[in-house]
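Chains: A, B and C, in written order; residue numbering restarts at 1 for each.
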Amino acid sequence: MKSKTEYLTFNTDRQREYINITGQVAEVVADSGIAEGMVLVSAMHITAGVFVNDAESGLLADIDEWLEQLAPFRSDSRHHRTGETNGDAHLKNLLIHHEVIVPITAGELDLGPWQQVYYAEFDGRRPKRLVIKAIGE
Amino acid sequence: MKSKTEYLTFNTDRQREYINITGQVAEVVADSGIAEGMVLVSAMHITAGVFVNDAESGLLADIDEWLEQLAPFRSDSRHHRTGETNGDAHLKNLLIHHEVIVPITAGELDLGPWQQVYYAEFDGRRPKRLVIKAIGE
Amino acid sequence: MKSKTEYLTFNTDRQREYINITGQVAEVVADSGIAEGMVLVSAMHITAGVFVNDAESGLLADIDEWLEQLAPFRSDSRHHRTGETNGDAHLKNLLIHHEVIVPITAGELDLGPWQQVYYAEFDGRRPKRLVIKAIGE
């Protein structure tokens, strides 16, 4: 079995931001020399997520608005008694999920034609890490 | 390490439909000859999902209604400026998620007694693909 | 390829409960002897979930309240015609998801500093199983 692990660090300008990382995931897979396997893409924070969807700016704005509707900022979050102010970012992380697994077939990411891998930052403006791990043969 | 990859294509009659694919996933695992490993079941579209839940028709109708409540069709989706009309299907995909991983133990899907794997179509009436990939030994 | 499979059983006092199982997952990984790989943590029931988030009691109470808002108990669930009363637990399972995958790097769970693995019980007070499966080398 082969494996390859890489870490990315993001430091976004805005509190919430959606970054297409498909190229970086594909590079790790190419570097791994794996023909058949899986690659895990996982945020290492509890206020950021990873998802697969369309690289379309209108849709990304829709997603951002929808997440704020379903998991809005609330000044009365119990979590804020700790001094934090990012309770909503934890719930957005749970809704979107913090990881995806992409199949590797014939040495390439086996994604559909419109599928792109996104890092979703919900509490940015500071360094945040993500792990990409490929295993296979 | 062994691996086995199969693709399914769905062309549903209705726009939204929920299809039990547990038998097809089990077949891929049987064909793979893998005793211990994992199988990834992943929609290759951004308007379809995969989930594990109960094969109970009332529940499936509850799930469909609930998804329409949390991620309803909206005529004012920014995504619709592209000419598309399926903005809600993208959000339903994010809510349900597009993939599951099932453990393979002693050559079988290691699911609980009520767990069934479902393909969730949110924008059907056209060919849509799904990938099943097993790895292990 | 190495693999290791363990099952945990929970029998919670309350209907809904959130249990930190990071230590138990780390133990399976240590026992597996795997240096590089992945570990799957998956509820074997359709009314329980697994998620990764912060070990902070205020946040866990926020999460519980939020899940009840987005997937509330409804006496008119179609699923209840079967005699069940846990329709909401199925929807909470879909929202949180029933599994996570954690990377194994240098023989350890490759989690961020605040990431903890939680078992989320949505219909407890009876024995419920979870599978932990590590693969790698």
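Keep this in mind: contacts are C-beta pairs under 8 Å (C-beta built on N, C-alpha and C of every residue); 3 or more make two chains touch, one makes a residue touch a chain.
This is a predicted model, so every value here is computed, not measured.
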Labels of chains that are neighbours to chain A and to chain B: C
Angle of the C-alpha superposing rotation, chain A to chain C, to the nearest 5 degrees: 120
Chain copies touching (chain B, chain C) - same or different residues, decided at half shared: different
Centre-of-Cα separation between chain C and chain B, whole angstrom: 20
Sites on chain A at which at least two other chains make contact: 1, 38, 70, 95, 97, 101, 135
Residues on chain A engaged by chain C in the complex (per definition of touch): 1, 3, 5, 38, 40, 42-46, 70-71, 77-82, 87, 90-91, 93-95, 97-99, 101, 129, 131, 133, 135
In the complex with chain A, residue positions of chain C that touch it: 1, 36-38, 51-54, 56, 58-59, 61-63, 66, 70, 95-97, 100-103, 105, 110-115, 135-137
